[in-house]
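One structure is given below, represented as structure tokens, and several questions about it will come after.
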């Protein structure tokens, strides 16, 4: 069986995602890629979390998008993951319907960068995609969901490192990172930031934005060449 | 003792419902029907969850509405369940006072279909019944609660498969499905969707509805002849 | 040691209250009375919940208000409990600073009766006291807190059975019942109803009230001579 | 190894803080000082809570601000703690990004004293700092964060005993006390009070403030020479 180690990792990442409380029922999935063997592994479609085993995880070719070495049908969101792996240099992807981030996605409202906690992780507002057209929904819907995420980062002028999350309009959040664990961390932090912004808007919807030098200070003390957060 | 297996199922379903956090105290009940023997089984009235045993579960005749083979008084909502079993082809029914769904019921506001998570389960807004009249409350109140739920689906032009939930005005939600487990799943998803809609309204009460082709896409990829969600 | 059994009960009731999540730190207390021996027992002041034992519980005379058979100082709210035991026929009293009920108390807004869940327990809106005067705060503050609760029920024309809860303005809720366990149940239900009403107001602040015949139906199917909820 | 006992205390305090739910990921830190040996001990920067041991805790000189007897880099907020230890007589400091307090900090809105629960702990509104200038962020940012907290108490005319918490604009709360445990208690109570005030504002944003004699009564029955809360 190819990619047995990766199947283990993705299996445990799906368990870990379920334990975050960000998913309800089977709404949500994590994948991780191994570019040396040209595949990513994702969970199968519609199997309850408590009956999953590592052997259920489904490898998919990064080149062809076809299932490799499995008889199971992969998550219905597989074609979305494939487009993100192709466009970004990322190694892990998460999709959830976490409550606050999904509420912003349904309202088509960005999660604004209003404080240092946001800037520690994301360098700008977490953006929302445009709605898909009738043609994009009718034909290759899941692939087009991936393409509109890529288009959104381009529209905002952000790299996939500066912004590791997008809200798909009327759907929910996708996040990514170097591996599945960091994509899960980004999904958790995004949900926390969405809760924070939601509560802040109720207090003072028109509150002044923080100064850009404060945002840069926090982003750059954790990321980039002069970072001084954590151990050397 | 007739229906011993069904009593076990309904006992465990009531435990499972209690563990969802959707009920507080003894507010809530689950039942399941076995049409081959013409009964449904429901929990007894006002006995705390932690002292219930399978033998406490009360069978009720689908034909006569009378208790069969038990000396206990069934849930005070039994006549509501009976009307739903008669009108719908369903096999399980749940009633809760879950917080967000009940808040919508008290406000007499429908839980709108604003995103793909809703459309994965319910094909339209989850509707609210009209208030009962003085006569309907004064005489056969619980039976009339069932009838007004049936009337509400008819008013909306929805089948009980397309819409497995109704909010009873100033009271709370009822959900159903092929068996007790799926009725519980619908109660949980409804509460999640009510939370989502409640948070979304605070962000953008007048947000644009999603396009109908997006709703149909999600409903039909999980339900109906061309569904491609889950394993074959 | 007198009242050893009652000390055990009150000790466990204080533990049970801590487990409800309705109290934070040492904010909250439960007492229970035994009118045959003319005392009520309450927890001591400012001792953390995790170091309490039954022997720490403090008996207080219903006649004189003095501590009996203990060297510990009783809860600073003891004089409030005493006034409620004297005015009402109740056997147990709870005070918490539970989040939603306290928010209503601080806003001086009643928890309205907007649905059947409320009517199952409380026959009317849960009222708020008037603020205490400077004299009432300056002299015998805790006793005056009890007196203003009694005054509030009188103002509303409600018996202490019809309404087992009052919100003290800018302070928090007091609840009561035949014993400590039922007073705790009322505190939990009140907090649930406050959450429900808070969420409902955000959806439709001006929503129509339910018909009075619906409220009476639910109150009377659980209370009074024609009740048919629970087992006979 | 100097300060081994203090390292144990600070290690356990960081664990205790993580268990309060007030921190997410590595966002948050506790320190405690021992003025007899002239150091405070703080956790290291960016090490996940579940891999910390007492030996990881980093002692810092109160006089020079330099690390003593450790090769690890201390929390990036160390210079903020140092300024607070120098200005206040406190023995413990906590920083969190707890949800509600941080929402107030981002909105630059004080947590008002609207009831007795607040007055039991804090004698006035919990204030928000002014935003830092570009110069203050660009040079010695963390030290300037400490200085603006000290400036805020002075602006409000409050001692560090009367007000053991400040919200840093667009950042989050800092709290303090005689030791780490009391600083954690203040962080928990602040978050509770922020939740309470947030919910109250939604009910009645313009609600009347409680009378000052009620606030003084509660503050002084727990603090100062005539306190009568707790055991003697």
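Order of writing sets the chain letters: A, B, C and D. Residues in each chain are counted from 1.
By definition in this document, a contact is a pair of C-beta atoms (placed from the backbone, for glycine too) under 8 Å apart; a residue touches a chain by one contact, two chains touch by 3 or more.
All of these numbers come straight from a predicted model, not from anything done at the bench.
**Student:** Identify the chains adjacent to both chain C and chain D in the sense defined at the top.
**Tutor:** none
**Student:** Fitting the CA atoms of chain A to chain D, what rotation angle results, rounded to the nearest 5 degrees?
**Tutor:** Fitting chain A to chain D on C-alpha positions yields an angle of 90 degrees.
**Student:** Is the contact between chain A and chain B built from the same residue numbers on each copy (over half shared) or from different ones (under half shared)?
**Tutor:** Different: when the shared numbers are divided by all numbers used, the fraction is under half.
**Student:** With centres defined as the mean C-alpha position, give me the chain B-chain C separation in Å.
**Tutor:** 33
**Student:** So, what's the distance in Å between the C-alpha centres of chain C and chain A?
**Tutor:** Inter-chain centre distance comes to 47 Å.
**Student:** Specify, in ascending order, the residues of chain A that touch 2 or more different other chains.
**Tutor:** In chain A, residues 202 touch at least two other chains, as defined above.
**Student:** Throw together a list of every chain pair that touches.
**Tutor:** Applying the touch rule to all chain pairs gives A-B, A-D, B-C, C-D.
**Student:** Going by the contact rule set out above, which residues of chain C touch chain B in the complex?
**Tutor:** Residues in contact with chain B: 114-117, 120, 185, 188-189, 192, 195-197, 199-200, 202-204, 207-208, 210-211, 213-214, 217, 221, 228-232.
**Student:** Spell out the part of chain B that touches chain C in their complex, as residue ranges.
**Tutor:** 24-25, 27, 44-47, 72-73, 76, 97, 99-100, 102-109, 131-132, 134, 137-138, 141, 169-172, 198, 201-202
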